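Letters A, B, C and D mark the chains in the order given here, with residues in each chain numbered from 1 onward.
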Amino acid sequence: MKKIRIGLIGYKFMGKAHSNAYRQVGRFFTPKAIPIMKAICGRNERGVKEAAENFGWQEYETDYKKLIKRDDIDLIDITTPNNSHCEIVVAAAKEGKNILCEKPLAINLKEAEEMLKAVEKTGVKHMIGFNYRRAPAIGLAKRLIEEGRIGKTYHFRSTYLQDWIVDPEFPLNWRFQKEIAGSGALGDLLAHHIDLARYLAGELIEAIGMDKTFIKERPISLEADGLTGKAGKEKGKVTVDDTTLFLAKFKNGALGSFEATRVAPGRKNCNRIEINGSEGSISFNFERMNELEFFSRKDLSYAQGFRTILATESEHPYISAWWPPGHTIGYEHTFIHQIYDLMNDLAEDKMPTPNFLDGVKCQKVLEAVSNSIKTKGWAKI
Amino acid sequence: MKKIRIGLIGYKFMGKAHSNAYRQVGRFFTPKAIPIMKAICGRNERGVKEAAENFGWQEYETDYKKLIKRDDIDLIDITTPNNSHCEIVVAAAKEGKNILCEKPLAINLKEAEEMLKAVEKTGVKHMIGFNYRRAPAIGLAKRLIEEGRIGKTYHFRSTYLQDWIVDPEFPLNWRFQKEIAGSGALGDLLAHHIDLARYLAGELIEAIGMDKTFIKERPISLEADGLTGKAGKEKGKVTVDDTTLFLAKFKNGALGSFEATRVAPGRKNCNRIEINGSEGSISFNFERMNELEFFSRKDLSYAQGFRTILATESEHPYISAWWPPGHTIGYEHTFIHQIYDLMNDLAEDKMPTPNFLDGVKCQKVLEAVSNSIKTKGWAKI
Amino acid sequence: MKKIRIGLIGYKFMGKAHSNAYRQVGRFFTPKAIPIMKAICGRNERGVKEAAENFGWQEYETDYKKLIKRDDIDLIDITTPNNSHCEIVVAAAKEGKNILCEKPLAINLKEAEEMLKAVEKTGVKHMIGFNYRRAPAIGLAKRLIEEGRIGKTYHFRSTYLQDWIVDPEFPLNWRFQKEIAGSGALGDLLAHHIDLARYLAGELIEAIGMDKTFIKERPISLEADGLTGKAGKEKGKVTVDDTTLFLAKFKNGALGSFEATRVAPGRKNCNRIEINGSEGSISFNFERMNELEFFSRKDLSYAQGFRTILATESEHPYISAWWPPGHTIGYEHTFIHQIYDLMNDLAEDKMPTPNFLDGVKCQKVLEAVSNSIKTKGWAKI
Amino acid sequence: MKKIRIGLIGYKFMGKAHSNAYRQVGRFFTPKAIPIMKAICGRNERGVKEAAENFGWQEYETDYKKLIKRDDIDLIDITTPNNSHCEIVVAAAKEGKNILCEKPLAINLKEAEEMLKAVEKTGVKHMIGFNYRRAPAIGLAKRLIEEGRIGKTYHFRSTYLQDWIVDPEFPLNWRFQKEIAGSGALGDLLAHHIDLARYLAGELIEAIGMDKTFIKERPISLEADGLTGKAGKEKGKVTVDDTTLFLAKFKNGALGSFEATRVAPGRKNCNRIEINGSEGSISFNFERMNELEFFSRKDLSYAQGFRTILATESEHPYISAWWPPGHTIGYEHTFIHQIYDLMNDLAEDKMPTPNFLDGVKCQKVLEAVSNSIKTKGWAKI
């Protein structure tokens, strides 16, 4: 059995999710290559050492530059804050390492393009972590769309609503700082929906947006990650958007509406998309990720309605590896599926999807949205 | 155009709903006969006079015996408390009047059978007010079932949950007194579900039940109807069930589960039924009365799910008379549909359904449930 | 009891809904003035005569100019195609008639302002038919918002999705012709949402939109109204939008997202709005018009969630006139509530709301959206 | 750190779920003792060897008698067919091993009591695998109930609906044979609901049931487990129930309704319970296992409704170990939580719950239900 030796950089939220995926993939699936959890890397030695133990890594490193030079690593997986992606990718590519990088690819288009150039130059394999493509219900949506079951696409409608920062006392961490995160809801949330839009409805060609930071100052977090963290009395300035919305036009003539916010009380991870076509519709909400809503104009005329498909049948994507029908899976499974596909691609020397090209295309949309906000006019993508 | 002259007895909740139906039916439908709102009858002159004006009746009476003798009345409609149904029906039938009677037909089987005998003897037309049969979604369910779309029936499952008497201070009115109401949740709520079970799944042959009165005393209502009424300090004894449940077997081999309660907080008129068959399922909840859930095993294998059919298309029962798709109707419309069907039947000299025979069959089930509770064993129906 | 004598112009979909409201209002409510259904008016004598009988009008007219001059008419109600509103309003105001006019007020802002000027000049009372304000759940939303229960408004999000013209064979009627309808989804559907936005979240100050006509030609309807109508072989050009979307900024700092389409398969009258504030959220979908979703950050921390409030309790707006809790109402009831409020206002010589000023403000937004589409930039409102 | 060395018997569906729990518990939680995956045991050497590798066990055994005698095993975990539980438990208890046994405890009450006696005699710790207690939403329900938030319990209502055997061609495996499984839907599904009823609503004292085998013959499975398996042409007799329903009375006066079926098309793992009390209600459906519905009569009178609580906040049971709010978990997590609690109890020498006493009490209900079916009368529990 082929083995892929992994070096993971970052050990917080995403580091935990990726580690779990590497550990679990071979327990449920039979990928053509098996990941070996070689080393995890972080700057705080105490933290990364503990993470290595907890998450099941053989070793740890505190300097990513050392990690990427190691001969016993085949794949570098990057889950660090967005502003570090470019530097690490360029360096890792130079070392000939295959790369999995979390989204958004970079904090701006220039960096993203530099990253794509770097991996293309050295010919390494690359993937971007748009994990929602790997929800079985989304895979099913893709299938139904490709089979023509909703016809020609008219509308792509997305809302990605969260409420975790609606409390003005929620502490300021790196995700609120433009120089590190690049943007707020835009890059964190809409990047996912832009990717799903491209995956399910096609390329976007023009956009116009608006954004807002409702809460402009927050107490500074006393923790690096600060996701659940404590804060002191000192306040810092929020330099990213709490919310971004944009309208878009697709190459195929469809119209798109996108909205992401982190200040919608009661919406926890309400990652919702709907696509209407000439023959039917599909609708998905990640809070009920095992379900896909599907409407077909071809159903019996007096018995048409949105069907709630529980995407837990063995013929649904990825499900045969898991449990019987109705025994649902969760958020973390999307990452396991991602690694499953990645391992298969690497084993067969195929370029994974979505990859850095998708990352760049997504970044182009993000950049166009930002530009449209600045110029107060439509921006070409 | 043929005309049917109506005499309505009772002017409270049901009297109001029936009056509305007579007023409205010709405004939206084109029934083969038109109801003429001749006279409304009640013992309290002030009350019935006001009702006559409000509801649109030409005249009023204070003695039902006078009403049923009038030559200018073709149909007697009975919406009085349950213990008066028998006397009125027997008398009205003797006068050769056609009759619409609210459910439950009577306070016991003996009376119900007497009533059936009375109408059969004089050959008048008769109907019982199981209005839920006339919800478009239920009509659609009937159609799907008759077309074989759920196959052979395995399960009939009903819960009729309300919470209007969960407050122990809710006043005691006639609906809490066995000698007037016959029973509580059993006759008031389960009568509807027994009828729907017979309509959609077939005859019941055996039952076993249990019941309970959780709140045994209540302040006595100061109003006759007492639906929203004020109460004094004096307390009275509740002599009917707050809740009744029973299991049943159907002639066709299906199994049934029935439950009705008036003390389920948050459930307002949660009149819910589900039928599972060998090929599919249907599910209905009156709180969302415009919707029918339908599952078919014949759908594409990887795209099966319960469909939420919004039963507001013009090809759904009764809907073409109303509004465009998605423009929903409400509770009162079931009564209008009932009168529409009744007028058509009377115009064509046909026996309406459901009629007193259905009322008796329902009463047999109610009686069997009561018996099974007394004897603590299964009761034949 | 004061009486208001009504002259209704138009006898199709809206004419039917308004007629029903006049007939029903006094049967359930006790308004301070009672509407007298004096005359209905339409150009086709056969049609209007039949409508007069069916809907319960005392007389009919075939020329609106005659109608508005009649001494025995107090209120002119206009439900004709949009391009005729202005002419009729100006004429009726001159005659000193109070006016109820269907939305959108006019086919453009110029006409709308002319209409407002006309009614203000002669000092008549005026109202515009934004009936959705009168859904009890919307009234409840208004109350919760005014009580501060969702805090400071951050987001107003609306989608108004229908599918009745997704079939390219659906016939072309006046609603598809710009010179008569003014616009398509924009004026027909978004006008409602702009009004709800103003009612629940405040004034809009800036907008940018996009629109599209997906199906550019349709067979020409053989009926005047053509709502369910038959079509011939000849095709005509659709000159209004099938769909319009826009982003907007509110005076109070909130951000708005609006979308309306008539080509979203499975969405029948999916008139959905959501408002997120600093302390909570509310959500509403007309397809389940008896329900309001409400989230409060003040609920017990570990028991927070969107509550599905069944707005059928007697303390909810308008409900005490109807049925017990859980016994739902439908689309037509919003019109009855509208007439109830209108009668009360006229009886007390108060200006109704929403009135032509609201109509003009709504039209300003519609015009700004249209302008923003033409100029491809943000438009001030 | 204390270590608990595990010997797992059975390597099919439940063996896979339990293995995953042992592997994962220490990756997310910090239990007071860590499980060591010592050995897995099964009769088919090829199968168990493969399972050992896939699931992460150090060794395998083919004879459970050998396994339970090993000195390096602290806990025996039993996931074999029901008819083998008793023999293994008695033997393992004799060897002084702590025991986790899957539900139902045994195929009849006699065996269950023998098992309880055996563990009590040797004083080992014991637990039964009612994993649904460990869904965070159920833990939250328990908390709300214990805090008195739904008041005095009136109703416990459960339906456990599946459809995996509705196809008559679904192959016959051990689960359809009375001598191995004990019963069908009764022991497999209702055992869970009886446990949840006891956990959330109290002890049951009387029951009456009915059951049915709708499909009496099936093609015999060619695989041992046969969950997804292929079948030959030969048919075998189904000797267990496809469905069982029963009514029950609780010691505290509440009434219960229970139903389980495996032939309800469209219901996959519709494990649904609802409890109504004097002050509120809770409702849960495992197909949306991250959600709990809660209604409180103490909410603002005009804003009451069932709240959909997404039980993914860090203050909800077990959740702080997982992901941010709204990032849902799945079926397998209930097993991880079970092992977390078990490890903590064993580390502190405490008796876990639910344990064999709970298993016996559940079995008493199952036996009473069976008896009531045989005698056609109520059975004391």
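One rule holds for everything that comes next: contacts are C-beta pairs under 8 Å (C-beta built on N, C-alpha and C of every residue); 3 or more make two chains touch, one makes a residue touch a chain.
Note that the structure is predicted; figures quoted are calculated from it, not measured.
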Graph distance between subunit B and subunit D, where chains that touch are linked: 1
Chain whose Cα centroid lies at the greatest distance from that of subunit A: B
Computed distance of Cα centres, subunit D from subunit C, in Å: 54
Geometric centre distance via CA averages, subunit D-subunit A, whole Å: 35
Overlap residues in subunit C, where contacts from two or more other chains coincide: 163, 267, 304-306, 310
Of all residues in subunit C, those that touch subunit D in their complex: 140, 143-144, 149, 291-292, 294, 299, 301-310, 313, 315-316
Complex interface listing, subunit D residues touching subunit B: 150, 154-155, 157, 159, 161, 163, 166, 208-210, 212, 214, 243, 245-247, 249, 253, 255, 257, 259, 261, 263-267, 276-281, 295-297, 304-306, 376-378
Residue numbers on subunit C that touch subunit B, as the complex places them: 13, 17, 19-20, 23-24, 26-27, 54-56, 162-164, 227-228, 267-270, 286-290, 310, 312, 314, 322-333
